[in-house]
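Right after this note come the structures.
Here chain A shows up in two complexes: once beside chain B, once beside chain C.
This part shows the complex of A and B:
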């Protein structure tokens, strides 16, 4: 996973042109999403899609960390769940307005990721994965035990005001409209991450991922850029947590559990973390496969485990990467 | 007070038997088996089923043998074909295996919690300095001590033990000296898995059995291995004993925060020494 040359180092059109190109694709993608929301009448399908996009954003955070740092996190549910609890607790105690609560829900997990990152990104490879699993689960244990703060295992529902940022809250709770909101956020974030990845900072982190020692020899500080990638990926994850809370208006320790981190990681791997949109794509496959498989057999979990094993062994670039590769060969480019 | 130390020792001893399997496999193959907790879980269930129809000792033996075979299979079918890949590939594949095994346990033994009774011969308690202490926990402590001793002797006196220690220090040089890692590995992985199965059965009377117990014990043993320093037997031993005590004293004196203590200890150790207590290499 670490010793691969990523696409952007091979294809280098002039930067502004590439940005216009990417922005164009983003606008088209957003319009397609809005069209889907307008055309699909089924509430069930839209609920699935909305869940998929929100969880896909969580997976995008996990995937971006793999892509830029080569680090596989088993603990991103922590940042997601902290964002959920930040809004929920702020609203429950009426400390701040909903708008400020959302800002806090983005800032707190991002700051935690930064300070935690200063310690944990120094630990390389597989040990990092083990560590994130343990650290992530610590937050879950805390939410379970601190009953008087979090309500423990039962969780609690979140009371939101009727409008947030001037938008009717009902819009966030209807799967059709919430899909458009989440999809819009997803597209903007993928565009933003693409710009980060192609920026000098993105190239530096890719260089550090490929060979940290050599990057240090050229004279770069290598710890801080990796911490910043982790911080950014936590921020993306926190955005997913905010969307989830607005949509679901309920939090419980499940949002912090390591199995959520694991699912997000599976989505990222299935979709292909080398592509910035890959994990989101993986999330959509994951949710629909789960829905279909759930109808046929009870053994959904074993099926997804087998899919993960097969993708890991046979399709190291993920389904998204494989598709993109086929497409590129068809058009005869790259 | 002394009773509490013994309680901590029983828990620490169990953690040690599980974690040492991870250390063995990491030392030789430089990979981490994310399905290790699931092997523990399957071991507990196998032990549960055998003990229901046979003896407790038979349950331990059969669980260890069955899981040892599973370990050998794991080495041949997953670790060996993936040994040239990035270690993270093995992590993700074994994570997939974790999901499959959890589902398998749920299929065979059901979702509900199962309880395995304490074997009749150890059901009572013994008096230690005037306090009574469950006899079964003494058995757990004794087993952990025996496993620790046996493993240390094996590592230092047998040829394979020598290879494992050499490979742990420097896998490349060890391979250049003509040690066939594959042949050693099947024994070592089988042993690590058998220890997971054995500890699963031994802890079954102390815990509630559920398919998700594997995830819990996996995280606990990761804390032990990371605190001790990946690949270090002595480090894992010290870390398991310390975490056993911390966990238990936490439960007695600050029950609401007890589950947090091992995590706090881990982060503190990592700030102090990023490669763990005994770790010189990761």
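This part shows the complex of A and C:
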């Protein structure tokens, strides 16, 4: 769209240039991650980081839904867990090859989110959150009760072939190499979501989040864009589920439990859901805080709760948002 | 000829728990006219705007635009067909910049840029400000700009001058009058500020308890004793 209104608009970077900057930052971020994997020898630290990045992707899905739709989900573990079980069951019963199982693990939860979204995105506020909780717990209960299919509460191990997409499976099970893989996926997804959020579609969904009624009265259908945001957020969550299964090679109903959705929400709030990378940042803080708190006391949840309260009261834009704000002031940008 | 009426409401009825907000109201606004809609609180003015714009649910009757029945159309479809509206309370996107929200509206209206509307409503200097950081008067103009973008055929305005000072109200009114004339927009205006209504409207319809009490030019309306007694008093 042409824009010739003010001098300020003339110095605003054009969108392709902004994408180039973002791509540059993404490359640097990836190299930093690869550097960390090369420099940190501790398996424990790398395991923590790998878990944090994978769960950070789940939190990124939750955060994207908050950012673009203003909707809080308590049921995103369903999309994560369905992806886990899709691979695990396909491998257990030898239904399809691992590569196709991964594709299914991405498609099935995304499709469920789309069709579910056609109904639930129309429901506002807390009712939406409660519906996602109910749907998520329904999948959890099914996994618990259908012992013949899912192994019930005990779960089961996932047998993977020696290579997937030509990549040795061992790479996915070593915390150092898996960190690089997960971090690379995280960086690409954050870049992609940034492009979506700054595209005309992203600006439209932000407008619908701000004022749905006005959006309708300037001529937009408002349900489908919100459904697509939910779908995209479920896809990101499903990617996290795939990475988790490749890394962990074990699934149990815990991957569908509401407490996982709750943890992802806490990570998103700590990191700052208004930033695409905020929830991932929050996940890293959450995992390390949990580890340190676990050493101090068995009641580590209380310490995490305290951190959450402090962030919500003192830093409403989250730690990531506060950092970004400080950085902007420092370099005089924004 | 029905096609000469830009917007028509035929036998419109809407009730809430037995109370008739609209009781078989019929109204027809000819192309290019600015029609004022006045009446005391609870007369059914906003309900009429809601029914005509597609916001209201559960009503009966028919709504036509230039003779075409648009009763079954959703609010979005009516907007795309050329029926735009503003709201009693400022209804903008508070966290977006003025430019961002106008561009989003422009994309829906399929117009290439927002320079014209920003210039017409003196919003150009505010382009990069978040709407919430602008004054109330600016927000009302932005609200009007969101409704006017894409040059709608029919503009339904629900108290556009509410909360503005006398000078701001009159400036907005004359700005509106000028734009409507140049762009050929038909306007149905709900407004409590009688100075605004009587200074820019070609004709006025008076609603009372869901029924039309009177209709005529401003001069004719001033002469109707029931209207003066029930609503105008000594204000005009």
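The rule is simple: the second predicted complex is superposed on the first by the 322 of 334 C-alpha atoms of A that agree within 3 Å, B and C clash if a C-alpha of one lies under 4 Å from a C-alpha of the other, contacts with A are read in each partner's own complex, and residues count from 1 in each chain.
Criterion: contacts are C-beta pairs under 8 Å (C-beta built on N, C-alpha and C of every residue); 3 or more make two chains touch, one makes a residue touch a chain.
Only a predicted model underlies this, so the values are computations on that prediction, with no experimental measurement involved.
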| item | value |
| --- | --- |
| First, second, both or neither for A:44, with chain B first and chain C second | neither |
| Touching partner for A:149 - first (chain B), second (chain C), both, neither | neither |
| First (chain B), second (chain C), both or neither touched by A:28 | neither |
| First, second, both or neither for A:188, with chain B first and chain C second | neither |
| First (chain B), second (chain C), both or neither touched by A:309 | first |
| Touched partner set for A:262, first chain B, second chain C, both or neither | first |
| Partner, of chain C and chain B, that touches more residues belonging to chain A | B |
| Which of chain B and chain C A:72 touches, first, second, both or neither | first |
| Touching both chain B and chain C, residues of chain A | 1-3 |
| Of chain B, residues touching chain A in the complex | 31-32, 81-82, 86-89, 91-93, 95-100, 102-104, 106-107, 215, 218-219, 222-223, 225-226, 230, 256-260, 263-264, 266-267, 270-271, 274-275, 282 |
| Chain A residues touching chain C - in the complex, by the definition given at the top | 1-6, 8-9, 200, 203-204, 206-207, 210-211, 213-221 |
| Of all residues in chain A, those that touch chain B in their complex | 1-3, 72, 74, 119-120, 122-127, 129-131, 133-135, 137-138, 141-142, 144-147, 258-259, 262, 265-266, 269, 298-302, 304-309, 312-313, 316 |
| Interface residues, chain C side, partner chain A - complex | 53, 55, 74-76, 79-80, 84-85, 87, 91-96, 99-101, 103-109, 112-115, 118, 124-125, 127-128, 146-147, 149 |
